[in-house]
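Written out below as structure tokens is the structure these notes cover.
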Amino acid sequence: MNRPKMMAWLLVSAALAAPAPGLTAPVESSPAAQAQAQSATSPIRLTRHTPAFWRVTFSNPPLNITGPAEIRRLAQIVDQIEADASVKVVVFDSAVPGYFMAHYDLLKPLEDSTGMAPGPTGLHPVPDLMVRIARLKAVTISSIRGRASGIGSEIVLATDMRFASRERAVLSQFEVGAGFAPGGGPMARLPRLVGRGRALEILIGADAFGGDLAERYGYVNRALPDADLDAFVDGLATRIASFDRQAIADTKRLVDQASLPPDQEMRAGWDAFITSVQRPAAQARVQALVARGLQQPGELERDLNQQTAKYRE
Amino acid sequence: MNRPKMMAWLLVSAALAAPAPGLTAPVESSPAAQAQAQSATSPIRLTRHTPAFWRVTFSNPPLNITGPAEIRRLAQIVDQIEADASVKVVVFDSAVPGYFMAHYDLLKPLEDSTGMAPGPTGLHPVPDLMVRIARLKAVTISSIRGRASGIGSEIVLATDMRFASRERAVLSQFEVGAGFAPGGGPMARLPRLVGRGRALEILIGADAFGGDLAERYGYVNRALPDADLDAFVDGLATRIASFDRQAIADTKRLVDQASLPPDQEMRAGWDAFITSVQRPAAQARVQALVARGLQQPGELERDLNQQTAKYRE
Amino acid sequence: MNRPKMMAWLLVSAALAAPAPGLTAPVESSPAAQAQAQSATSPIRLTRHTPAFWRVTFSNPPLNITGPAEIRRLAQIVDQIEADASVKVVVFDSAVPGYFMAHYDLLKPLEDSTGMAPGPTGLHPVPDLMVRIARLKAVTISSIRGRASGIGSEIVLATDMRFASRERAVLSQFEVGAGFAPGGGPMARLPRLVGRGRALEILIGADAFGGDLAERYGYVNRALPDADLDAFVDGLATRIASFDRQAIADTKRLVDQASLPPDQEMRAGWDAFITSVQRPAAQARVQALVARGLQQPGELERDLNQQTAKYRE
């Protein structure tokens, strides 16, 4: 990138990223979350329950913010899933209370993202990851509790099935409210999943969808009572893990053919994000959000979809 | 068109179009509706609430019948939306009690429709209008109260999102019941929106869908209690109007790529309508409906989907 | 097929197909079902209620198992529908208590299926049948009571609309649980009907879906109280039968263009089934199911989706 070009994330000073007063004891920083924060070496954990049933757990408190480092870690995990001859089903979930994944890291320098080498598909590593998750021979299931917003929503949309806590899941694509286009492919996936009308409401209304409404819209397969979610998802994964690996792969391959968007649409989505996030309108909105607590545990992140609409030029 | 060819609408005599006895004080002709009828110069009103938030209100009582003149007026409004650098969101609603839009004008001579010059897309002005509404950079939202049938349903399907009064919205494609194919593109749009099975039921069952069932089918985004509909739609429009115009347009453009039908399918739909409506079967059915009160306020229009099935050859 | 190749169904001995002890008085063998079993010449009945309204009734107790002979009979019926100038609507239902159609015949020699001559579309007779049902000019409606699993689900997915008994319908694609891919096209149809996420759950979770959940997923148009199902479906069929045949065909043709999968995807589905069912994994699972009562009335068939998951290698 050229020097003169404005870059949204570079303009964000480190000072703004420091915790704001009154946010030192947020709800999210429970002892459990703090304990998880100390295992800094495993922001994304891979657990092999059996050779056939694996689990990917986002454990990067307080918000499961995902940036270039986490994308690299996820790509490694996808490499492992692709290379393994036994795995049949992979569950994606979160160990962070309140958050499946808040959104992409908007405080790191933009070049950290734009400078990444392309992935195996030839796409930038973010759309590359989304495309490769969707094409895994193994079946992937998202178990959603807490906010899955921005890239959190995009990752669950890349997995094969989505189950949500009725009381505690929140799905959203908040990006348009913050002045830029989503980058991980929801413009390609949502219209094919929920129809054009609901896709445009999710993407351009950019509001939060609880479990029940997400089910009514088809954004998730089903919303389940929070107390039942884990048993349901583990039961389904265990069931699929008992099936024949080749029969699963044969069936999924033909569903892929009928339903996956062309890679070019995923590429176009990432390009739209990178272009739009550098515009002055996006920079002003993101900086206003940072000043009010973006990427810090607290009210702004918990209520991000409403907070974006409070911006005044 | 050649002389010898039969033309459904030409065969309808002016006498048949006169009000039938006992229909002089229909429910639809409330004082408000009569007042609106007097503002004959604005059958379709354009209101600019703010530079970013516009509203298109169908106010052509008693039924919001739409024919060539209204198509021209709508095309002018679409020209204005396309040309304006500030508008971000446009709400479509109705000021006519009981009707969002009953259907296309079936009493005007057919040549008034077939003789129209093509629109900017090269399509006939009706499919041209449908295609251009769907491709606007601004987001469009239908607020549906009363019957949205035939071209009323087709216009709400051309807009980006649809919200319906739970108690007072009725959506339908009644056309097959009247002997002809719908012309404004629902064969292209509905299967992509609600799936093939429900699309075929809507189009060939040709019955009326209330707000709740329309939501269950995905025909509308959501049905809301009638008392909440206006506040909800205005709130969503105000919210979107506060967002960045370019971020909205970038996002919508990619959703368009993933979800809009090819223009050729819209052209084929109009051709199917024009061909089918001239057949003797359609002429006989339409004339029977006219004799029983078509395009007049009253029971036949209110219950059109059931009335079509009473035809006997 | 070459001799050395293993063939799943050939390996199933006649002994295994004999009734297991304790299954001599199954629930399904009611007097009515036994009576129907005696009319062996009409496992699939064609009834012409009127010239415009026909009915195809599966009456092959105790399970409505469908194999090469039934496919041939169905193809003849489709020939008749295609050739008739009057028929507008065809209802598909079952006269067998508990079963719309259990699944494909897995006890006949595989060559009985693979050796069939291609149908008019050039496809194998199973996908040929599915493709031809979907393209009929007449509208087809499935009325689902009892289990519609495997090819039963595939046939209802080939029809234009599906209505299910809320209490007594069960839809499923059980195949992946039995070690092989479904063959009648659900990988092509389900993602387009219910979205990728729910399609993958149905196909690879391979579990049973009752009427309500099938409606929520869009697998059926609607679930209705069992007591209302017949009147609803007959009412809809009678209504459609009163409409103009050409208007129906014109409208359906354009919906077909917008929503039918390419024939090549249907071909690929059948090939995936034939290939996968011959693998040792499938053979072992199918034989284990046969040993426990497959294709016999009783608990295993009634609970097939759960029983498949009990297999241990």
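Order of writing sets the labels: A, B and C. Residues in every chain begin at 1.
In the analysis below, a contact is a pair of C-beta atoms (placed from the backbone, for glycine too) under 8 Å apart; a residue touches a chain by one contact, two chains touch by 3 or more.
Here the structure is a predicted model, which means the values were calculated and not measured.
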| item | value |
| --- | --- |
| If a chain touches subunit A and subunit B alike, it appears here | C |
| Subunit B on subunit C, rotation in degrees - Cα superposition, rounded to nearest 5 | 120 |
| Chain centre separation in whole Å, for subunit C relative to subunit A (CA means) | 38 |
| Multi-partner residues of subunit C (at least 2 other chains) | 192, 194, 218 |
| Subunit B-touching residues of subunit A, taken from the complex the two chains share | 175-177, 179-182, 187-188, 190-192, 194-201, 203-207, 216-218, 261, 265, 268-269, 272, 275-276, 279, 281-282, 285, 308-309, 311-312 |
| Subunit B to subunit A touching residues, read off their complex | 139, 160-162, 192-194, 215, 218, 220-222, 236, 239-240, 242-244, 246-248, 250-255, 257-260 |
